[in-house]
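Two complexes follow with subunit A in common, the first pairing it with subunit B and the second with subunit C.
== the complex of A and B ==
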């Protein structure tokens, strides 16, 4: 019996850290709800409006489809061209960033830093700025999408580049190949499938992004949201939403099937 | 007879229909480029680009803090608040969805499939469109932005959470069943401890994404730093555009670094 008293129970780990974390989270939430004037009452008050809105959206006015097919095709065009331009620009940038191909660190780190900066700016903001520079139309949208694609594809590609097998590179060096030959025969065969897959993935994201760029005047189907919502024609808005959804899901499906075949 | 080792290495056989793929690709690109009206740039394009660049290099520092409000710091704080609240709401709501969509919790493939379908539909509607809807319901302002982010994030978080639940170890659940635990005890002692780090990590990841989304909500009037940015763009106040861009980049970079550090310690 006395032996049992000596065997002390292990102490439970301190819970102070958890309590502190919980307190910080609660504080953040409390502060945030004050900052945004978010109250449950407002939500409950607004809820009937939501239902009114949903009721007015159905049934969708399908005849409106004729008006927006052209804009949808424009949206896909923008995403396609933007992604392609971004992918082309991403090739040299990714090569500059890859530590195993580019020995000059003073070149590598600044380029990576700029890439990180590019990826912090959302595409809709880029589009708003490009609209201010180039004027309304699909062109600023394409530029915004290509800058976004550049940031994403270059990052994914340089990370993949750093993971390639060194064997072929060393073999090329041993045969006396120059820098270009090394890249063409030892790097590109290893990376091309990944690169295509990243590009397709970015294309999927860009199609979704292109669908809303019209809200800032950068072309595509997004412009029609403003028109229909402005005239309170919610049955037309629902057609746009359903149409965009089905196109996005279709492209996602086709693209992910293709990506599965590539890798 | 001596066997000869010196034979030519055969090039790998090419797909006979390769040219068809190239042709299709070429056709797609011709279709795409033909549809874009290339009307040339505005004459002022270079000038405005220069103005924005000088705006970024010599920002309007006075805008950082204005005593009477509507300044950079308050805008950024509001953006932060929108994404914190939006992420919190979506985390709460998505948990039941995640258990619905996880095949090892709902029990049947049909049920979990329907859950996954619902989540992918939610995911497919852009947050900015949801914000437009919520503005109609609760009026313009940051609350509409909070609700839009909260609803949209359910789609992605629900899917990630469901994957996390599906990937957990069955052992602890079976051990509890063997001791005669009820369903609630099973959930509390076997499921939650396993999935919690993953849940927290995904929540932080979504928070990073929501920060970016929250900066654009103001473009349509749903609060945050986007509102002064659009205002500055339309009044051609390039110095102010510069400082706001700078503020966004700095804030998002800080959040990414902080959240990344916490996530690394979690999993």
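== the complex of A and C ==
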């Protein structure tokens, strides 16, 4: 009896795959650190320099705050306008991408491909490109942020669109509604809260992104990083960092509270 | 007013939903369609308003072929056919009133519906419809705040606001408890008798069919195996439809209705 049970028991699957996966991961890590000269010794050697920098940053020169409040407000304004522009552009794009609303695959896949392309371009590079086109100032920054927002919001929205309840759409078809009427009555009410949430989330990201766009001359607080770091005025740099951090935390907190209320 | 001529529906996977079906429904009838799951009840209903395309034959609504209709013409035919679903198919995040007004969009231009500006007449129609199914006090509630039975009544109000001449109800009570089942079926019956709206209902429970319908149609494997008045729809005939005795699970039960 027990011998029979022994025979019927299936053979345990081989663990070789797991061991090989682990070996490959270790090999990749080791190879990467060799190639980039990232060794532990380097880190230990550089450590005292870090303390030197921190010592120079403190105490922060608080009077510098007066100089940068305007730039910080500009940063927030850039993020606000950029995100809004991107969100508006994202609506038709997301509708074009959603497989359950747009049957034409030859239109859907190219648009999705362009969206993927947009999201692979870093926002700093986008800003640099727009600075080259429109010159220095917040305008190229706003364009860069809106393109980034378009890529992110459209992607999140079309994925949410593909997950909506099909029932109301079917009901609207049965009442004799046309394509646009179906979207207005059966799709938008299902998606609007998600869309608002995605837009707020993108705004959070864009505030952080806008803070560094000044490094390439695209307006905002980032410009002051460049100045203070250039003149080795680290006590001023620390003021900017602390100020940016508190603003970002504040906006993140308010935005996530709002998003919690929406969904 | 509804006429099916030699209608067949073949699904892409090869199963036959409807097989050479010929049947017509007259103005003001209350027809119950019974049959096992997969007998083609739902396919039949969804072919009538062309939520499903048929593969063969023709379907005429008031003498007009819905099978051949396109674009605007198809939408105008659909406007006269209201549909009620097992899962209600309301927009859960919208208000009850907006869900009922959704039945009116077929009457207005795209621009007008985008702006959401419904004329006074439509508002009156919507409130009247809600009043008829006794749920007018919920007009400004969100649809998902309502119970299942209430949501199905909102769906009925949507069909009423649509001023449909035909109501197709696909298992309207399948997800409701016996008490709300009675309320919803009573509403459908009342609308049928008071407004003369032709009503075709898919039902799982044969006693419910006998209680409300004036005519019963039995389906098996996409074909009509019974078509006659309630008086002829005895348990023995149903045993033929189902290919066996009527089981307990096909009866809702007298004491609960």
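Simple rule for what comes next: the second predicted complex is superposed on the first by the 241 of 263 C-alpha atoms of A that agree within 3 Å, B and C clash if a C-alpha of one lies under 4 Å from a C-alpha of the other, contacts with A are read in each partner's own complex, and residues count from 1 in each chain.
The definition used in the following text is that contacts are C-beta pairs under 8 Å (C-beta built on N, C-alpha and C of every residue); 3 or more make two chains touch, one makes a residue touch a chain.
Just so it is clear, the model here is predicted, and its values are computed rather than measured.
A.B. asks: Looking at the overlay, what does A:171 touch: subunit B (first), subunit C (second), both, or neither?
C.D. replies: After superposing on A, A:171 lies in contact with subunit C but is clear of subunit B.
A.B. asks: Counting only touches as set out at the top, which of subunit B and subunit C does A:14 meet: first, second, both, neither?
C.D. replies: neither
A.B. asks: Identify the partner contact of A:63: answer first if only subunit B is touched, second if only subunit C is, both if each is, neither if none is.
C.D. replies: neither
A.B. asks: Once the structures are superposed on A, label A:116 by its partner contacts, choosing first (subunit B), second (subunit C), both or neither.
C.D. replies: After superposition on chain A, A:116 lies in contact with subunit B alone.
A.B. asks: Look at the residues of subunit A and decide whether subunit B or subunit C touches more of them.
C.D. replies: The larger set of subunit A residues in touch belongs to B.
A.B. asks: Regarding the shared-chain residue A:211, is it in contact with subunit B (first), subunit C (second), both, or neither?
C.D. replies: first
A.B. asks: Tell me the contact category for A:185 with respect to subunit B and subunit C: first, second, both or neither.
C.D. replies: second
A.B. asks: Using the superposition described at the top, list the residues of subunit A that contact subunit B and also contact subunit C.
C.D. replies: Common to the two interfaces on subunit A: nothing.
A.B. asks: Which residues, counting only subunit B, touch subunit A once they are in their complex?
C.D. replies: Residues of subunit B touching subunit A: 28-29, 31-33, 35-39, 41-42, 45, 48-49, 52, 77-78, 80-82, 84-85, 88, 120-121, 124-126, 128-129, 132-134, 136-139, 141-143, 145-147, 212-213, 215-216, 219-220, 223, 226, 229-230, 233, 236, 241, 245, 248-249, 252-253, 256.
A.B. asks: Can you list the subunit A residues touching subunit C in their complex?
C.D. replies: 165, 167-168, 170-178, 180-181, 184-186, 189-190, 192-193
A.B. asks: Which part of subunit C faces subunit A closely enough to touch in the complex?
C.D. replies: 49, 51, 75-79, 81-83, 85, 87-94, 98, 102-103, 105-106, 110, 113-114, 155, 158, 162, 168
A.B. asks: Which of the residues in subunit A end up touching subunit B in this complex?
C.D. replies: Where subunit A meets subunit B, its residues are 28-29, 31-33, 35-39, 42-43, 45-47, 49-50, 53, 73-74, 76-78, 80-81, 84, 116-117, 120-122, 124-125, 128-129, 132-135, 137-139, 142, 208, 211-212, 215-216, 225, 229, 241, 245, 248-249.
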